[in-house]
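Take a look at the structures listed below.
Below, subunit A partners subunit B and then partners subunit C, in two separate complexes.
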Partner chain A sequence: MELFLQQVFNGIMLGSTYAMVALGLTLVFGILHVPNFAHGNLYMLGAYVTFFLISLYQFGFWAAVISSMVILGVVGMLVERFVYRPLIGQPHINMFISAIGLLILLENSVAVVWGTSAKRIPHPYPDTVHLLGITTTQQRLIVIVAAVIMIILLQLFIKKTIHGTTIEAVAQDREGAQLVGINVNWVSSMTFAISSAFAAAAASLMAPIFMITPTMGALLVMKAFVIIILGGLGSMQGAILGGYILGLVESLGGGFISAAYKDVFAFGALVLILAIKPTGLFGKESN
Partner chain B sequence: MLKLRNVATNFGNSVIIRGVSLEIKKGDFVSLLGSNGAGKTTLFRTIAGILKPCQGTVEFKGRQTNRMSADKIVKLGLSLCPEGRHLFPQLSVHKNLMMGAYIRRRDHKGIKRSIGQVQELFPILKERKEQMAGTLSGGEQQMLAIARALMSDPELLLLDEPSIGLAPLIVKNIADKVKAINEMGTTIFLSEQNANMALKITGRGYVLESGSIIMEGPSNQLITDDVVRKAYLGA
Partner chain C sequence: MKNVLKLGTFALLITGLLMFAAACGSTDQEPKAPEQEQADDAKAVDKVEKEPIEVVIGFTGPLSGPAAQYGKDNVNGIEYGIEHINSNGGITIDGQKYTFRLEAMDDQADPTQTINNARRMRDQLDVPAIFNPVFTSIAPLMDINSEPDNEFLMMAYSSTPAILHLDNDLTVRIPPSFLIYVEAFADIAWNEGWRNGAMLVTLGGYGDEWREAFREVWEHKGGKIVADQPANYYTETDYSTQLSAALATNPDFLLVGGPSEPTALVVEQARDLGYKGPILLVDQAKQDHVAKILGGTDLMHGVMGVPATADVGTEFAQEFKKGYEEKYGVINTWEAVWEYTAIHALAAAMEEAGSVDDPKAIREAFPKVFPLTGEEYPAEMFSMGPRGAIHGFGGVQRIDDNGEYTTPLNYVWWTDSQDVLDEIKGVSQVGQIELMKIDE
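Up next is the complex of A and B:
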């Protein structure tokens, strides 16, 4: 029982970061209708920015996390402006190629500039906590709480504010959005900023727990795609729920069956869910 | 208020609109008649800034708008209720209206007043307030599209085929409401295949064929014109 709770807790922690990364990916997908393969590399870059702010410039943990979110938000806007926007109206394959090009560029630039060896952010909150019979670190608890707060804030922004609603409007009908006076380019820019900032936040929160490497985004972006397909493309609830499901599947499968196969469980869950419900959990029937 | 001089628009490699010149004055209620494929929608999309003309100029309230983006043109006071409606299907009726008022989002009082006005015009929208736009019937969606276009408080409203695919009774209802909107002071440019309906409510009309204006005049003259009667009124 204790092991089970421990694994559930770890699953929720993993799921929290997956949900944040998948939310960002699904937002951008909804706006552009092209998957941003480089999303995982923006996540990786976010972790490195946090690492260097802390180790080189002696930033405090939270100051570094927030600065990293801001920096990655700007990077996201630049990516939208210079990588994707020029390709709007062209065949989708062009955006696919650009996305993969950006992925390779980011990964290798980081490897060249900062090296390929793994780095670790010193634990800001190393103390252990005892909770409901399980033992964990404060950092892991913080990951969950911070992620949940950010996910709720994003939902409130999109559902309750006029600027947030423009994201949904553009995703649902781009031309309709232009016709009510929404600057679609500005909305794309804002969406990329939010998406990248979320990736940076997730990466920075996790960085004291796992090692950071230039390739850390590669597997993550695949998992994020699993999540948004699992949840139903373009659905925010789907991305959140899918993130937690994947985190739990990985953690329980890894803990009780075999840690070496934890990624197999993740992708196995995708195959299984899509076999039963091809549109994903929250997916709408295509028309 | 709106002036087009020698406007031509391409779509892909084909010319859809060629050499169109027309003028609409403040308070006018003008129809644009033409069969399917005549270029009515392309002309409207060009005026609204969704498409850019390859030749000629579009002038709205004395400002040249043919190079402006669609969202800036809306801010000048021109609103297009497009063919196919382009509503936000997974937003509620209320949120669709709020998005319609996006350009005046800080004017809370004005928005409230406008919502009251469009709900008075189309009472069904009040009943359906919290329903997703995508779940409305065709007629209700068309009413919502017109209402959303009005929410920006436009001086010129372009209506692209509001009667398309709707039952005659609903077409009649919408025609009455459009007339009422014009009488309240909004200038309207109405594109229609249903020439009978359009010529009954508008004051003046243009006839578009293969991308060119082939005829213009007061509606009551067009309705008796032999060419118009043969081609568009089934006489």
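Up next is the complex of A and C:
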């Protein structure tokens, strides 16, 4: 039983980051139909910015996380403005290509600036905690709590504020939204900023537990795509639930069956769910 | 929605392709063709002026990703050795001077990319020898290093005994066999009264062999392996899934390891999960390096593994450590120590063979260059076995309950002859030497 709880806890922590990254991706991909492959690299960049602020300017951990979110928010807006906006209305393949270009650019720039070897951010909260028979660190608890808070705040923002509802409006009908006076370009910028800031937050929260490398986003973005397809494209609830499902599948499958096949379980779950429900968990039949 | 779904599937496909492409496409730099031309030009002119000729030595290994530092430690060691050889005037064969240059390429520990790099270096740079530090890459390299007219000497930095079973005449295995650590760990653990062991060793050829070998020796003694939860140290950074499963079996000790950086994470995460018992590190992980990453030995009470390079015990070791750490700004590891000594052995073998470009002759001359001892080298090498294994000490060092390093024990593993041991004690600068014959 203890082992089960321990694995559930591990799965929830993994799932929290997956959910945050997938939420950002579903916002830009599902809602604005931009296949942002570079999302994992924005995640990676977020971790490096946090590392940079802490190691070079002696920022406190939280100050660095928030600054990193702001900086990545701005980077996200620039990416939208200069990489994707010029391609709106053109064949999808163009956006694919520029997304790949951006991915390579980001990964290699980071490798040039910070080097390819792994970096570590010192643990801000290294103490261990005992809870319900499981042992963990404060940092891991913080990841879970912070992720939940941010996910709730984002939901409230989108459902309850005027700026948030414009995102949904643009998602439903870009031209219709324009007709009622919504500044579509501004909404796109804002969506990218939120998406990138979320990736930065997830990466920064995880950074003290793991190591940061220029390639850390590669497998993650793949998993994020799995999650948003699994959850139903464009569905925020789907991305959140999908993230936690994937985290749990990996940790329970890895812990109880075989750790060597962790990723097999994750991608196997995708195949299974799509076979049963081709539109994903929260996907609509057609629009 | 259906279109969007199609788009999503396509996106997934592209991402996969992309990761593949990224893995294949990232080499450090293009081969330096102009320099090669210069070298060729030089060859022509040298006949008259006797200007030194530059010999390019190849390296392919992980220079990005989680194992990047491991790869770099190897590169640094070779480079530092080459710098030293060149500053002493290189080597001389028939009155012609030769100097060396290292061409290091990144393969992210991906065997396909390793082969591509090796072929490129062989074709375009005519390298006589290629260094590689990952067993899963070394094995395919040993498949191609005897192709007629494309031979190269495989300088294998892996302690895997399987290298010797591959029956390859152009291979030199640099570090001692990990079977020494398997035997020594099992002995020490057994004498401590530990009976239940849990393993969380890296996946891949090297780790798989380690786990198998340890299980065999341990179960032969009567001990039990209560959990075997391998993880891919080259790609993963979260080991809590495997650790939780392993620790749930209440083991007396943990056997973990892969490259030092991820190993440090495993040690830290094991302590985070409340494990206070002993941790045995496989030889790829270096405890002094792990300690540096973890900011000290606080989490490492009861850890044992390969001795810290500061405690090697040779005259030159301290000087080497100081110079190396000053130059590269990273901790001096055994990779650097062995590779530094190995490139010297390679240069000496070339001189002995009278050739810088005939891998067969160089390999045949190799056994004649030993011993290399502690006055001039950080690690000592005494002889070479029939399958190309260099004979140097394997040692074990423990960290006690106060976090202090104890004096390392060194094993002579290639013989059970007391005479050879006495002979080695005569030339070696290292103390605490014991016999422990292993069968490879």
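Quick notes on this one:
Here, the second predicted complex is superposed on the first by the 284 of 287 C-alpha atoms of A that agree within 3 Å, B and C clash if a C-alpha of one lies under 4 Å from a C-alpha of the other, contacts with A are read in each partner's own complex, and residues count from 1 in each chain.
Please note the rule applied: a residue touches a chain if its C-beta (ideal position, glycine included) is under 8 Å from a C-beta of that chain, and two chains touch if they have at least 3 such contacts.
Quantities reported herein were computed from a predicted structural model and do not represent experimental measurements.
When both complexes are superposed on subunit A, subunit B and subunit C fit side by side without a clash. Contacts of A:T116 after superposition on the shared chain: subunit C is touched, whereas subunit B is not. Applying the stated contact rule after C-alpha superposition, one finds that A:I229 touches subunit C and leaves subunit B untouched.
Contacts of A:T213 after superposition: subunit C is touched, whereas subunit B is not reached. Within the superposed three-chain arrangement, the count of touched residues of subunit A is higher for C, of the candidates subunit B and subunit C.
In the overlay built on the shared chain, the residue A:L248 is in contact with neither subunit B nor subunit C.
Using the contact criterion defined above for the overlaid structures, shared-chain residue A:A64 touches neither subunit B nor subunit C, since it reaches no partner.
In the superposed three-chain arrangement, the CA centre of subunit A forms the vertex of an angle with the CA centres of subunit B and subunit C, and that angle is 150 degrees when rounded to a multiple of 10.
When the two structures are aligned on the shared chain, A:V83 is found in touch with neither subunit B nor subunit C.
After superposing both complexes on chain A, the closest C-alpha pair between subunit B and subunit C lies 13 Å apart.
No residue of subunit A lies at the contact with subunit B in one complex and also at the contact with subunit C in the other. On the side of subunit A, the complex with subunit B involves touching residues 162, 165-166, 168-169, 172-173, 175-184.
Within the complex formed with subunit A, the subunit B residues making contact are 48-50, 69-71, 74-75, 79-80, 82, 85-91, 95, 98-103, 105, 148-149, 151-152. Residues 1-2, 4-5, 7-9, 11-12, 14-16, 18-19, 22, 63-66, 68-69, 72, 106, 108, 203, 229-232, 235-238, 240-242, 244-245, 248, 261-262, 265, 271-274, 293, 295 of subunit C are the ones touching subunit A in the complex.
For subunit A in complex with subunit C, the residues that touch the partner chain are 2-3, 6-7, 10, 13-14, 29-30, 33, 35, 37, 92, 96, 100, 103-104, 107, 111, 116-118, 120, 122, 128, 130, 135-137, 140, 209-211, 213-216, 218-219, 221-222, 225-226, 228-229, 233-234, 250-251, 254-256, 259-260, 262, 278-280, 283-287.
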